[in-house]
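Two complexes come next, and they have one chain in common, chain A, joined by chain B in the first and chain C in the second.
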Partner chain A sequence: MNPSTTKPMSYAAVAVAVILAVLLPWFAPNQFYIHLATVGCINLMLVLGLAIIARAGQLSMGHGGFALVGGYVSALLSMKGWPPLLTLFIAGLTAAVIAAALGWIILRLRGVYFVLVAFAFSQIAVLLALDMSSITGGANGLVGVPPISIFGYVLRAKPQFYPFALVCALATLLLTWLLYRSPLGTMMAATAENQRLTESSGIDTHRVQVIAFTIGSGIAGFAGALSTHYLRFISPDSYTFWESVSYLTMLVVGGRDGVLGPVVGVLVLTPLPELLRSTEGLQHIIYGTMLVLCLMFVPNGLASLVQTWRSRQRVARTTTAVVAEEVT
Partner chain B sequence: MSMLEVDSLKRSFGGLVAVRNVSFEVNEGDFLGLIGPNGAGKTTLFNVISGVLRPSAGTIRFLNRNISGQPANQTVRQGLSRTFQAATLYPEATVIENVARGTLGASLTGLSSGFLSRKWRVNAEEKAYHVLDLFGLRRRADLKARELSYGEQRRLGVAIALASEPKLLMLDEPVAGLNPEEAAELASVLRRVKSERGVTMVMVEHHMRTVMGLCNRVVVLDHGTLIADGTPAEVVSNPLVIEAYLGKEAVDA
Partner chain C sequence: MSMDFILAQTVVNGLMVGMIYVLMAIGFTMVFGIMRIVNFAHGEFYMIGAFLFAILYGSNGMPFAVSVLLAIGATALLGLLMERVVFRRFRGNELNGMIASVGVALILQNSALLLWGSSARTVPPVVSGVLSVGGIVFPWSRLVVIIGAIVAVVSLNLLIGHTRIGRAMRAVAQDSEIAQVQGIRVDVIFPAAFVLGVSLAAFAGVLMAPVLSVSPFIGLAPTLKAFVIVVIGGLGSVPGAVVGGLLIGLIESFAGTFVSASLSEILQFLVVIGVVLLRPQGLLGRKEREA
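Moving on to the complex of A and B:
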């Protein structure tokens, strides 16, 4: 999304969407909808993290691994008595530090090699969680993770947790938007589009990609921890390879450009399996068919439909201006 | 004063020596032409100087600093930019965004700046518009780069390199693939850039009319070795150069 074309109309649309999200608990028919919305908020953070990495031109297949690390760090520390509100941030920081160290080494690897190493990392994270059973509880995971409490107000039930998850998701959204508008975000987009040219414009593209990987994975760590304190449980199955794939699917279906893509992807794909549940055995077939159709007809994601419409207007304006200039 | 000193530079790929013991200097204000038959090692020499490839031996000094083998992005920030043979740009970004991205490396102090203020973008676009004016591309500013004609894309490629405010600009075959009018237009743009911005230039080019019309000095490379260095008139009458281009019989004839 090019910020310079953002119109007052877009701001109004954002305001309406935020108000609807805030009011959701009042018009939700039952608590299941609130649960879905909370999961959506957590998914949004994870997909935004992935989008930031993709913005700099890299595909992370290990995104779930960082969420898993964040979840375990926050669970273990809070079970030792640390305040969960603090351990959430420690979880994000831990994931970011691991990503920075890993990224410094593996981002020298281009394309498919980076994908493979990131994938291997997420597998190692799962295996470590299984094998270090004296600390992590092995395959049983950790049960009874303390809930988050804010100044003594404990977020135990769904209607209490949802506002906190929404605030976290909106804050991530805002930060991502600010990042994309900043010089660093511009360098990330430039690196993704033409790394050689960006390098010869005096930008250290390796550093830009490591920073993007660090920020994106740090967000994943925070979101993984948030989810762990919501479900009050984490196990090696919480974030497997398939979770990494599903975040990637949300990003691709929604769109990789701008912050609108992840929002659309999460809004469409988080409730979809639930909506299809009534079709019994057909749900996976319908889900798969919808993905294939999306990739065939809107390869740049559903959000690109909005951008196509916008750029048509832009070209029309420019053409009119050029013609007017050449006529006079 | 000498701006770039290349001393006994060598680069080999396995057993193939692409650049062999090459030494030359570029003085401030020069427009140096680098010519030679196909496969002479011109582009390799370019890539080694600009930091895309590491030298196998020898040194490169730019503004009295040793830049041999340092990463390309650092060399650019010190004031040495280069363009690429093919049209190298950001095809999906607008023309103004292409050039604005070119300004970032040279003008920013840190990566954490500009998160809340939009001043950096105003500055970047202002600089970019100046460059677009110089290249006659301002009217195309809001189009996507891939929507430009080939000639305009080549000009945009040079504009992006100039946006990093280099002291020395190295052009890799800037007029290759352009028709005579487009080539003449680009040549006049380069002349204007040189006089208005005082940029020293080095150009690899096959198009002899462009080289003779623009360059005050020419160096000739053949099989990775430097065989001539002088004014365009001196170089074209040099028997070694004629031999490299036309063969030994042509010299004897």
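Moving on to the complex of A and C:
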């Protein structure tokens, strides 16, 4: 028995999951499930963005702020007649540029300061959206954002939008996975592990963290824009501090280490608000409790349970193999 | 209305808001300095203090002093419970402690929402009338907030500077291991510092309740302000919190009166960025010692 037999197993699991996700519109009992899956795809992108930043050892409490910026940029440009397919990317780029500038200034500081300033930034984004009402529509937000159209095919209804959201989410997932395996990904992980040691190996950790923050926030901008074209609406309330907190909760509950964690976190926590819609406050209490309990008892997230189980199996298998060898 | 009047009003408002921020920021920075925990739930204790005071004093008509003491005492007990159950486990683990505090903030805010509803409550003024100095009038309701906050800051300063427990707290903030070696009971100092920080937040809430209205959502804004102030003043620095708090209060009041409220927020953010660029340790903070 070879430990590497788990590899094809996990590829098969990924394939099955993707096929299930693709086939969802056919076996979903009603449109609501498709809506939920679409929200899940958008959440997954946001959480992956946060995970990339966390991979480099930082925590962004302003993640929603970048989604808000992306949403407004794409909404405003597309309402001026630009094709939404293009404005989605402009939105991501705008968020990334802001993140790069902000990150370059604040990431030179210790972690805590970064968190505080990123948090303050997201509040400023909300205030600007409220205040510049001649452009942003103030508290009422922007209504009637054009739908996305691909070569004349308009993604207006839920079953049409879902495949596009799924493609975007899977692309982000693949991108994150590739990033983690690239030299840059290794540098990010090393920076998170021990910044000074990494620095002394000749790696510019400040640059690594700025790049991670830029990529993660750019994804948030793109996802915010995607959500805006799906709901056809954006307002300053679309991405408040508590949205940033819910992405953080998904990341922590799922797990911060690989790409599996965000997937698990999104799958567990996206349906929750819908199930508990009748009691507004209770949903947040459950979120908060899960966050605290996870940090106490499963600090590496639910996905780490899978990994522990797998490595245990591996150990068990190798020991049986060794014992078998010794016997023969 | 004369210009003098508006100016005086603006200064009083700025000082009042500023002193509330000072109370918030001191508690926040103390908890960070001693426990190394960035407490995102700090403002929720402010909210709970304000709510308890509104219920005891406003709705049930209990005597003022009793209401104040009960509101602060109950919030402090809640703080102690949170320290025991949650924060104690994350001491020194900055990242996870911070995330856990976000969870606590979610739980506290939404428990208040379930318990007391989302509608805003008003509390009857504790004092009325005005103080007239040279033709300029100051409402007592606001002066009381300023005076109350000054009393709290001065007594806290005496506590930290001139008592045994204060000295122990300073020692733990500098180096908890060495402090422990010197025979300081760190297990007592941590919860004591946390409860003290929470009590300051609750007191700020009590002071503000008669001036503003009370709802479960009022905690986030002062938390944000406390963050901004400690970045400006220097994380862990109490004098920095005082200077930063008054600065932010006055910026807010002046920009809010003469330009617009959201411009003042943007201005504060720019001050933060400026401080971070030019003086990363904060105006009165010391350079972070590399561990």
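The rule is short, and it goes like this: the second predicted complex is superposed on the first by the 283 of 328 C-alpha atoms of A that agree within 3 Å, B and C clash if a C-alpha of one lies under 4 Å from a C-alpha of the other, contacts with A are read in each partner's own complex, and residues count from 1 in each chain.
Basically, a contact is a pair of C-beta atoms (placed from the backbone, for glycine too) under 8 Å apart; a residue touches a chain by one contact, two chains touch by 3 or more.
Every value quoted in this text rests on a predicted model; they were computed, and no experiment measured them.
Student: Check the residue A:I124 against both partner chains and state whether it touches chain B (first), chain C (second), both, or neither.
Tutor: A:I124 contacts chain C only, not chain B.
Student: So in the superposed three-chain picture, is A:P299 touching just chain B, just chain C, both, or none of them (first/second/both/neither)?
Tutor: Touch status of A:P299: second partner only.
Student: For A:W104, decide between first (touching chain B), second (touching chain C), both and neither.
Tutor: neither
Student: Check the residue A:G288 against both partner chains and state whether it touches chain B (first), chain C (second), both, or neither.
Tutor: In the superposed model, A:G288 contacts chain C only, not chain B.
Student: Contacts for A:F89 in the overlay, against chain B (first) and chain C (second): which applies, first, second, both or neither?
Tutor: After superposing on A, A:F89 lies clear of both chain B and chain C.
Student: Look at A:M187 in the shared chain and tell me whether it touches chain B only, chain C only, both, or neither; answer first, second, both or neither.
Tutor: first
Student: Should A:L178 be classified as contacting the first partner (chain B), the second (chain C), both, or neither?
Tutor: first
Student: What is the contact status of A:Y33 with respect to chain B (first) and chain C (second): first, second, both, or neither?
Tutor: A:Y33 sits against neither chain B nor chain C.
Student: Quick check on the superposed pair: does A:F241 touch chain B, chain C, both, or neither? Answer first, second, both or neither.
Tutor: second
Student: Going by the touch definition up top, name the partner, chain B or chain C, that contacts more of chain A.
Tutor: Comparing chain B with chain C, the partner touching more chain A residues is C.
Student: Looking at the complex, which residues from chain B come into contact with chain A?
Tutor: Chain B residues touching chain A: 50, 52, 71-74, 76-77, 81-82, 84, 88-93, 100-102, 104-106, 108, 111-116, 118, 120-121, 139, 142-143, 160-161, 163-164.
Student: For the complex, which residues does chain A have touching chain B?
Tutor: Interface residues on chain A, with respect to chain B: 178-179, 181-184, 186-187, 189-190, 193-194, 196-205, 207-208, 211, 314-315, 317-318, 322, 325.
Student: What residues on chain A touch chain C, complex-wise?
Tutor: 59, 61, 105-106, 108-113, 115-117, 119-121, 123-124, 127-128, 130-131, 241-242, 245, 248-249, 252, 279-282, 284-285, 287-292, 295-296, 299
Student: For chain C, which residues count as touching chain A in their complex?
Tutor: The touching residues are 32, 38, 40, 86, 89-90, 94-96, 98-100, 102-107, 109-111, 113-114, 220, 224, 227-228, 230-231, 235, 260, 262-263, 265-266, 269, 272-273, 276-277, 280, 288.
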